[in-house]
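In what comes next, subunit A is part of two complexes: it sits with subunit B in the first one and with subunit C in the second one.
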Partner chain A sequence: MDYIVLAQQIANGLVNGMTYVLIATGLTLVFSVLHIINFAHGEFYMLGAFFTYFAAKLLGVDYISAAVIATLAVAALGVLANRLFFWPLRKEHEFTILLSSLGLALLLTNGGELLFGADPKYVDSPFADSIVQAGQLVVTQQRVLIFVVGAVILLALNLFIRHSRMGKMMRATAQNPEGAALTGVNIRQVYTVTFVLACGLAALAGALVGPTAMIFPTVGSWAVLKGFIVVILGGLGSIPGALIGGLSLGVIEALAGGYISLGFAQAIGYAIIIIVLLWRPQGLFGIARRT
Partner chain B sequence: MKKTRWILTAAAALLAGSIFGASAEDKAPVRIGTIAPLSGPGAFDGQLAVEGMEAMAALINEKGGVLGGRKLELVKYDDKGNPEEGVSAAKRAIEQDDVDVIVGGWFSSVALTMKEVTRDRILNIMTSTQHPNTTKEGHKYLFRLNATSTMMSDTYSKFICDKMGLKTIAFITINDDYGRLEVENYRKLLGQCGIEILGNEFYNKEDTDFTTALTKLKALNPDAIYVSAINTAQGATIYRQIKQTGYQGTTIASAGNMNPKLVELSGKALEGVYSVSLYAPDSDNPRLKAWAEQYGKMFSNEPAFIGTLGAQAVELIAGAMDEVGDARDYEKLAAALKAHPWDTLLGTITFDDIGQAQQNIYLVQVKDGKITSVKE
Partner chain C sequence: MPSRILLPLVIVLALAAPFLTANTYFHHLMVLWMLFSLLALSLNVIIGYIGELSFGHAAFFGIGAYTAALIGMNFGLAGIPGLVLAAIVAGLFGFVIGYVSLRIVGPQFAILTLGFGSIIYTITNYWVDLTRGPMGISNIQPLGLWGEGGPALTGARGYYYLTLFLVIAFAYACHALLNSRTGRAFIATRENAPLAASLGIDVFRIKLLGFVVATAVAGVAGGVYAHYLTVITPDVMSLQYVAALIIMVIVGGRGTIAGPIIGALIYVALLEALRALGPLRLVIFAALLTASVIFLPGGIVSLWRRITGEDTRPREAAE
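Let's turn to the complex of A and B:
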């Protein structure tokens, strides 16, 4: 019996962890390629969830199509955010960019409250209440979907960054933006693609998680917080770090919640930040950057 | 020549201004400091509350306002559901904006700290807070409309003990003053009638996933899970996730936290679930009907219990001010409120010496997606 509860908690943790990974990957991508810490990242998660809700409601499409539309729409917003905010600010000091991104976050949250209303909404998915039973383990189809889609997308992203021409240009920019520009890499294009990927990933996370909990316009601050914990745990700028960091955070939270108390689960995230910063400031997989 | 004409015009304008100013001064609105959670997870509940107040204020203003023609005006502050924000909002309301009365205290943790700012300074109507200490440690100008969680649990536990046929129960409660007290109350009351309490899980007001806690509770295999959720967003998530973890037993909703939006968002997960409330939506009180009609004209949400409490606060403030003939004589206003029963949209209400309201408590159940009162 106890093993079943343990297995169930680990399963819960892995699914939650996969959403953290999707959120953190975009955050870490923007940092590693463009050296931008984007506080508005959580807002794209929120928009992903809300766009899914409205696509389903206004266009009358099914959940999967709505999620795809939302992801693409928010990815397109990523182009806009880059054009209007991050590209013009690229030569400014890191803090200026950081504060601007905080401003963008507030703008999007309050805009969301104005546009969508403060009432919580529920993204309807046919998979949300359907239960998959494996032995005594109980998981909803939606949660299986989160895990599987998350894994596939991350694999695809990994292949894209390793093998595609654009991926190589992104890695070159990450290593040395000026050097990359000198060898003919179109930095502007790299910026755009990076933001499209990051915002798309955040939106996908929102679209997938939407049906497991109620959504409201301030949910983005929760998402960006989880993203930062994962990124600090895994190392800023490391995608494998985000993967392992996210899944571990999910499982640690589930076990702490399951065996100590859910009331502690959140505190554990913060404790992790402090411990990692003291013991291994570059994160578990980070490359030390001394300036 | 031109210059003197200018000066004359200016002087005339000044004079006119002071005359109109004076007459406007006579009819200055009565300003109600409205402190509610307008952002964060409790934002929707705050919105319902404020909408309830606005609908009642509009009704009263339509009939000519209070104190011989003064309109009621809400001055809104966002407490974000945080005690600290509630304190600073109350300070701003009193010190900077000089409001006439304060209505607030939707969440207990906010009410408990905010009352120290308003202590003996201003008439403070607390609304949905259920923690007994809000009034027990209140002050001479403090009133609370909702029943305390102790009063609610006395009524509710009798029903749970006598009618639901449970042997075991487990709780999932919010980790704040209100939630901790709830668990304490029910442990005692349900323990007395022989229901075994198998466990309790606390969650925080920022949490969005409850599967971990629910997995743990499900493993204890209780006959029922009692859910104490004070905000709609988390409540709906918990009710849905209870079903999603495969739990087959009974779900019980905490007292005073049932609203149409919660029912809509929770879908089938709330069907048949009981709660207790001061608000019976199927009541035929004409005051309630007039308010609900006004509410429907002004807002798109369905009126909820929390909105009726806000409306009741406005109704009582207007009534007391008209009776006393002053908006600021808190001594007299407080005495008037305590002096006799008041007819309101929720029925008759009386206040005891510490400002605690006594109102009817109804048992309600969700049937076919509607909140209905249970007639015994």
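Let's turn to the complex of A and C:
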């Protein structure tokens, strides 16, 4: 067995996995705090990538600034999405909210196709073509950037939720919204902050992955699907679950693609998830509502 | 009771509809409406009666379509045997997937079915030897009675009557089910699963039963669809169709029989009416969907109740 190839596959898998983690963390955050399944989550990933592309092209700024601008802009859009599509429906049946987010997803995908054009685009990044070498392992700088930024952001998010006042308010809302409101937690503010964080995370993932793959307006459904798969694997509503689930999915897919069949890599990834779910239906770290 | 006069009137109208115009494109739209009605009614068993949201329903439609097409191509059994096998295969997949997923409920179930749907979609896309991959299968023969030779259905009008018959039969079955002991067990399970279990209802078995019936009917719809269009691609299982089916059920009115049929009509008619707008069409469609979900959560059928004051909604959960 060739250990260098194996290590290379694992390294690539970890980087892909980190993008899954970034996507899935937002999804799982919105679910755990607000009990909302946001189908439009992938569209914010798509918007993040496209905003980066257009910020670099139209404003003429460098890649890093474009990525920051895109992330902030999409996070601001998250405020709007919450006010129009989620906050007004907070007392409705969960199907209604789910469908409202599905409507938002269709709106953003098709609106994106109308505005950005359906042809694939490449985001330019100075890091995409230079490489980092560690022993015999070769990784592009962009992929190192994805991994490092992802890890730092997740750490910061974890600290924010654990120790900041807002983080504590979010955790209180997650446990019991009425109880939290009674003790003076501003639920409206919690909704806003949660959506800003989730949409910002998705956009950041889009801005980071943009230079390593083609972007097109329907990429959002790919992203939300990956996010959901990770979230099922790790357990809905669990951030450690999203981390472990995302990284393992990335590595499993890379190994299956490298050693079994590239075409079936995704299907093999899914198949392993089903085996895990047969053992733990609620996901690795999840707490399920059971009948 | 206006429905006593209304129902035969609607059926007579539906039977006469193809003769109102010789326009074959109109007939084509009618077939699509009936096919989507059948699918929406089957999904309604899961959403409306079991009370779970399935995001994998288009996959069973696709399984039925591919089964019927492959049986027709490889064994020359395009016809009733093909459709029966389509139902059996889709139902078997439904049994296995339902057996795994129905152990959890709510959002987790929705996402899990989405995952299963994607697996089936991915495999169909990549198993080129069997399914010809993204190219799809073309030149599927028309629907006959028993394989090749003998009478075969051609033309949209014939398919319209076939699908109309299937819709009426399944709608009647749903109606009969709701008034049976099993149907009441469905509703009890939807409203309060622990309470239903305490009354001696095997909640898991009831749910699995509903799921398998729904997927088998979706398989039949897929089989008819494959023979009617003569071309199928893996795209029939894509997220777009999943969303479309859910839209039909919810916008029409879940848990009712008229709702999914009206929802299918709205879907077909609206996409047709907006065709001239090009890419803007789906944006407007999405906006209308979102608006209807926000302002009319009970679906179009709930408008009827608002106007007449008659209770058409079968014992909805008061959340």
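FYI, the second predicted complex is superposed on the first by the 281 of 291 C-alpha atoms of A that agree within 3 Å, B and C clash if a C-alpha of one lies under 4 Å from a C-alpha of the other, contacts with A are read in each partner's own complex, and residues count from 1 in each chain.
Following the convention adopted for this analysis, a residue touches a chain if its C-beta (ideal position, glycine included) is under 8 Å from a C-beta of that chain, and two chains touch if they have at least 3 such contacts.
Owing to the predicted nature of the structure, the values given are computational and were not obtained by experimental measurement.
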Using the overlay on subunit A, decide if subunit B and subunit C clash or can fit next to each other. clash
So, A:V144: does it touch subunit B (first), subunit C (second), both, or neither? neither
What is the contact status of A:E253 with respect to subunit B (first) and subunit C (second): first, second, both, or neither? first
Would you check which partner chain A:I37 touches, where first means subunit B only, second means subunit C only, and both and neither mean what they say? second
With the two structures laid over each other on chain A, which partner does A:M166 touch: subunit B (first), subunit C (second), both, or neither? neither
In this superposition, which partner touches a larger number of subunit A residues, subunit B or subunit C? C
Regarding the shared-chain residue A:A76, is it in contact with subunit B (first), subunit C (second), both, or neither? neither
Once the shared chain is lined up, is A:A7 touching subunit B (first), subunit C (second), both, or neither of them? neither
A:V68 contacts which: subunit B (first), subunit C (second), both, neither? neither
Quick one: is A:I187 in contact with subunit B, with subunit C, with both, or with neither? Answer first, second, both or neither. neither
So in the superposed three-chain picture, is A:N16 touching just subunit B, just subunit C, both, or none of them (first/second/both/neither)? first
Where subunit A meets both subunit C and subunit B, residue numbers: 113, 263, 266
Where on subunit B does subunit A make contact in their complex? 38-41, 43-44, 46-47, 175, 201-204, 206-213, 215-216, 219, 232-234, 236-237, 240-241, 243-246, 261, 265, 267-268, 301
Residues of subunit C touching subunit A in their complex? 47, 53, 100, 103-108, 110-112, 114-116, 118-119, 122-123, 126, 193-194, 197, 203-204, 207, 239, 243, 246-247, 250, 254, 279-280, 282-283, 285-287, 289-290, 293-294, 297, 317, 319
Where on subunit A is subunit C touching in the complex? 31, 35, 37, 85, 88-89, 92-96, 98-100, 102-107, 110-111, 113-114, 221, 225, 228-229, 231-232, 236, 263-264, 266-267, 270-271, 273-274, 277-278, 281-283, 286, 288-291
Taking the complex as given, what residues does subunit A use to touch subunit B? 1, 4-5, 8-9, 12-13, 16, 113, 118-122, 128-129, 131, 133, 138, 140, 212-214, 216-219, 222, 253-254, 257-258, 261-263, 265-266
